[in-house]
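Next up, some structures in structure tokens.
In the two assemblies presented below, chain A is common to both, partnered first by chain B and then by chain C.
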Partner chain A sequence: MIDFIQNTVDGVMFGSSYALLAIGFTIVFGVMRRLNLAFGASIMLGAYMGTWLHVHYQVHVLVVAVTTVACTVLVGIYVERLCFHAVRRDAALASMVSSFVIWMQLEEAAIHLLPERTYAFPGLFAAGSYEAGPFLFRTEQTAMLLLAAVMVGALHLLLHRTRFGLALRATSENPLAAAYMGIHRTWTVLCAFVLMSLAGGVAGFAILATDQQITPFFGLWATFKGLIAMMLGGMGSLPGAILGGLLLGVVEAHALWYLGAEYRDLSAFLLLFAMLVSRPGGLLGQRILSREELAFRRV
Partner chain B sequence: MDDYVITVLSNIGMISFIGLSAYLLLVTGEISFGQQAYFGLGAYAAGAVTAMFLLPIWVGILVGACVAGGIAMVVGALTLRLSGLYFSISTLAFAEMVRLILLIVHVQVEVEGEMVGPAGAEGFHGIRWMFERDLSLAHFMLLIYGLLALVLIVLLLVERSRLGSVFRMLGSDDLLAEMQGLDTVRYRILAAGVAGVISGIGGALYAHFTTYVEPQFFNVMLGVHALAYGLIGGLGTAFGPFIGVAIDIGFLESVRFIQGYRMIVFGGLAAVLLIFMPRGILDEERVHRLKTLFRRRNHAGAQRR
Partner chain C sequence: MLELSGLSKHFGGVKAVDELDLTVNEGEIVGLIGPNGSGKSTTINLICGVFGETAGTVRFRGELMNGKPPHQRLRAGLARTFQNIRLFPNLTVWQNLWVAQNSPQDVSARGFLPRWFGATRRTRREIADLLDLADLGHKDDELASNLAFGEQRRLEFARAAATRPRLLLLDEPAAGMNQQEIADLSRRIHRVRDSGVTILLVEHVMELVMGVTEQIAVLNFGRKIAFGTPGEVQRDKAVQEAYLGASDPGDGSA
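== the complex of A and B ==
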């Protein structure tokens, strides 16, 4: 029983980073109904820039953090301009494939920047742990959970208490009606991308600072985890993204403990496939799915 | 031709199978991130037939194609309700499941004093049918292109037939197709199955060309590349995927000075291309224009005679 609870706690802690990645995906999906496959790669390139500074100039960890987030945002803007803004609005497929080829491009650029397989990434704290009763908590994972909670809180305030948040939600609810209300679509989409990259950059930094290393596989990993978590929770739903991320973390932690390392990813994909086949809207996205279906039927 | 050229050409041929498979689904309006799963299943099944049971290669290719097609139909039936992105992600999840299961599967039999069979992460070694028969790479390349031509002819015939129109109809508006009295469920499963078979044939050939397959090769990169080839080449004709493959592997592989920067160049080119041609180089409109051009010219020629 203690093992079970400990695994669940570990899962929730790690799942908080998945939740941040999923939030990034879901913001842009909500506004554009399109998938940005280059998301993981843009975080990776941002983090590589930070690591590059760290490797060559031994800068402070906070500079690495700021560089990572800032470069992720810049790359995010590049992706938005090239793959989403410039592509015709009725060509959702072209946008997705375009973001995929840009993923490959960004990944190769990152590998040219730092050609070795692994690099040390500066941690925020020295790795440590503390005990509470029979349970063990790792310091850096607790910090990640807190950071995720702060980010989610700030996002919630931004989306529900500001005019910009209102514009974003209106666009994702009904783009045409939002445009009639005088909301500038292009601008809103660009801001959504910046927001996505911000969430992604912070999540990326938190994950890498916990792992304390970075490899060229990070882009693929981040895209996958964010995508799975978003789909589990329900596409386009913010609370769903959080729930999906936590669920993914918990399931992976249990699979790792009870079945072994090779079943960790398998369990995640199995869960996703089963969820999509039985309940395509995920945990909280059923309403969004049925609304879209309704709109489709009406046309 | 030296071995390098033959290898590149063979790779173009084998990757074209998975490109065609993704293209077929694109035509029916489904975006699949998971065609590499059937490529992998075809490769493992065909490898098992020739290396573990010592049967001839045509049995291997047949079994590979059937296994891939059968599983593709089951997955197609399971994911029927899904559309758009939901469908894409479910195919991705399935393909990753297949890859991760192949990483665990460990089934080996003793053949002539050697253990042969899938060995988890180490892959499936010793699919040596081609070398045991002293076939050169060039011969095998002919086999690849022969089968590819066959598949292409079948696809082009399908495109001219009623079935082709049904597939395109599903792609443009499946509600309308249903209202015309078409059994969309059956056609969707059929399309998934045919796409699986095409991909499976490619996998079966791949296993015998390289003599060795590992699950890592069938990762999502292969599948999304296949998708990109179909879209870049164009959705108007089955020749589209070749153009995509030829641009990526053929052209960029052969230009030396962009070695190491291949994805940066290809990624940038493809992204710019998709801005101006969102349905690829040979999209429906251009194919139609080309066809009328040919027809008019033939017509004129006939009159002159």
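== the complex of A and C ==
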């Protein structure tokens, strides 16, 4: 029982950064009904720029954090301009394919920046742990959970309490009506990408600071985890993204403990498969799907 | 104020709107009526830029609107409501009105930060006025999706007014309304007009059109077949035939 609770807590802690990745995907999906497959690679390249500073100038970990987030945002804007702004009208598939292609380019850029495969990434704290009763918590993972919680809280306030966030959600709920209320679509999409990259940059930094190493494969890994978490929760749903991320983290933690490390990723795919078969809309996505269908029927 | 000339929209071989000329003067309430499929909604959509025109021009306050995206048309002072209600369902009533405040006056009166991240006292007062217009003051904190049908229609009307239009396009605002609601709606339309807004009303419900408009244009098969005061239009032979389907070329179902 204690193992079970311990694993669940570990899962929630790690799942919090999956949740941030899923929120990134879901914000852009909500506004554009498009998937940005280069999301993970953008975070990876942003983190590589942070790592580059760390490798060459031994800068402080906070500088690495800020650089990672800022560069992720820059790369995110680049991807939006190239894959989504330029190929936009009636070309959902084209922009998805081009975001996949740009992924390769971002990976190349990262390899040119730092040609060896693996680099050390600075941790926020020296790896440590503390005990609370029978349970053991790792310091870095606790920091990850706190960081994610703060980020989610800030995003929630932004999306529910400011006119900026409401305009973003309005576009996501009814693009046509939003356009006729004077909400500028191009800007909204760009802002959605900036928010996506902010969430992704923070998640990326938190994960890498916990793993304390970075490879070019991080892009693939982050895209997978974020996509799976989003699909679990329901595409386009923010609470769904949080729930999906935590669920994914918990299931992975249990698989890791009871089945072994090689089953960790496999369990994620199995979970996604089971969800898509039983509830194709995800945990909280059903309502959104049916509303879209309604909209189509009306048109 | 609004000038359509030679406006045409063809969908394949179907001439949804054909060589339409129409002028709406400032301060008027103009009705646009016609049997089903006569091109009324297409005309509204052309004015708002939902899709591009096949030929002809849309001029608004002397400015050519062809090819301009929706948000620019809104800045120029064109606002609309939708035939199928298109509110933001997961935003509250108050928030639905708040996000619609994108007029040039709002842009210039407030700085970037107060405009996007906070609500000034003036904003709150203006939204209170709009809530009063829509009779929704007691429901300002309710999600739009929880409103009853009639309330949603009222909110959509107020939301369009929140953009401070010079010309308000109403696309079948009375669909599904009862007598009392229609009376309220025409009172509301007059109130908005008296605040200096010109109104173009597309409607099926004759009770509303005949009661509220000053000029009526009648469309049939995408062409304008009559234009005049409600009385003139009602007496017009071509209009009577269009509505009774007596001399429809090839199709008697209208």
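Methods note: the second predicted complex is superposed on the first by the 295 of 299 C-alpha atoms of A that agree within 3 Å, B and C clash if a C-alpha of one lies under 4 Å from a C-alpha of the other, contacts with A are read in each partner's own complex, and residues count from 1 in each chain.
Following the convention adopted for this analysis, a residue touches a chain if its C-beta (ideal position, glycine included) is under 8 Å from a C-beta of that chain, and two chains touch if they have at least 3 such contacts.
Keep in mind it's a predicted model, so treat the numbers as computed, not measured.
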item: Partner chain(s) touched by A:Leu166 [first = chain B, second = chain C, both, neither]; value: second
item: Partner chain in contact with A:Ala109 - chain B first, chain C second, else both or neither; value: first
item: Partner chain(s) touched by A:Val277 [first = chain B, second = chain C, both, neither]; value: first
item: First, second, both or neither for A:Asp3, with chain B first and chain C second; value: neither
item: Dominant toucher of chain A (residue count), chain B or chain C; value: B
item: First (chain B), second (chain C), both or neither touched by A:Asn174; value: second
item: Touching partner for A:Leu93 - first (chain B), second (chain C), both, neither; value: first
item: Which of chain B and chain C A:Asp211 touches, first, second, both or neither; value: neither
item: Chain C residues within the chain A interface of the complex; value: 48, 50, 69-71, 74-75, 79-80, 82, 84, 86-91, 95-96, 98-103, 115-119, 159, 162-163
item: Residue ranges of chain A touching chain C (in the complex, touch as defined); value: 162-164, 166-167, 169-170, 173-174, 176-185, 291, 298
item: Complex contact set, residues of chain B against chain A; value: 26, 31, 78-79, 81-82, 85-86, 88-90, 92-94, 96-97, 100-101, 103-104, 175, 220, 224, 227-228, 231-232, 260-264, 266-268, 270-271, 274-275, 278-279
item: Interfacial residue positions of chain A with respect to chain B in the complex; value: 29, 35, 37, 82-83, 86-88, 90-91, 93-98, 100-109, 112, 220, 224, 227-228, 231, 235, 262-263, 265-266, 269-270, 272-273, 276-277, 280, 289, 296-297
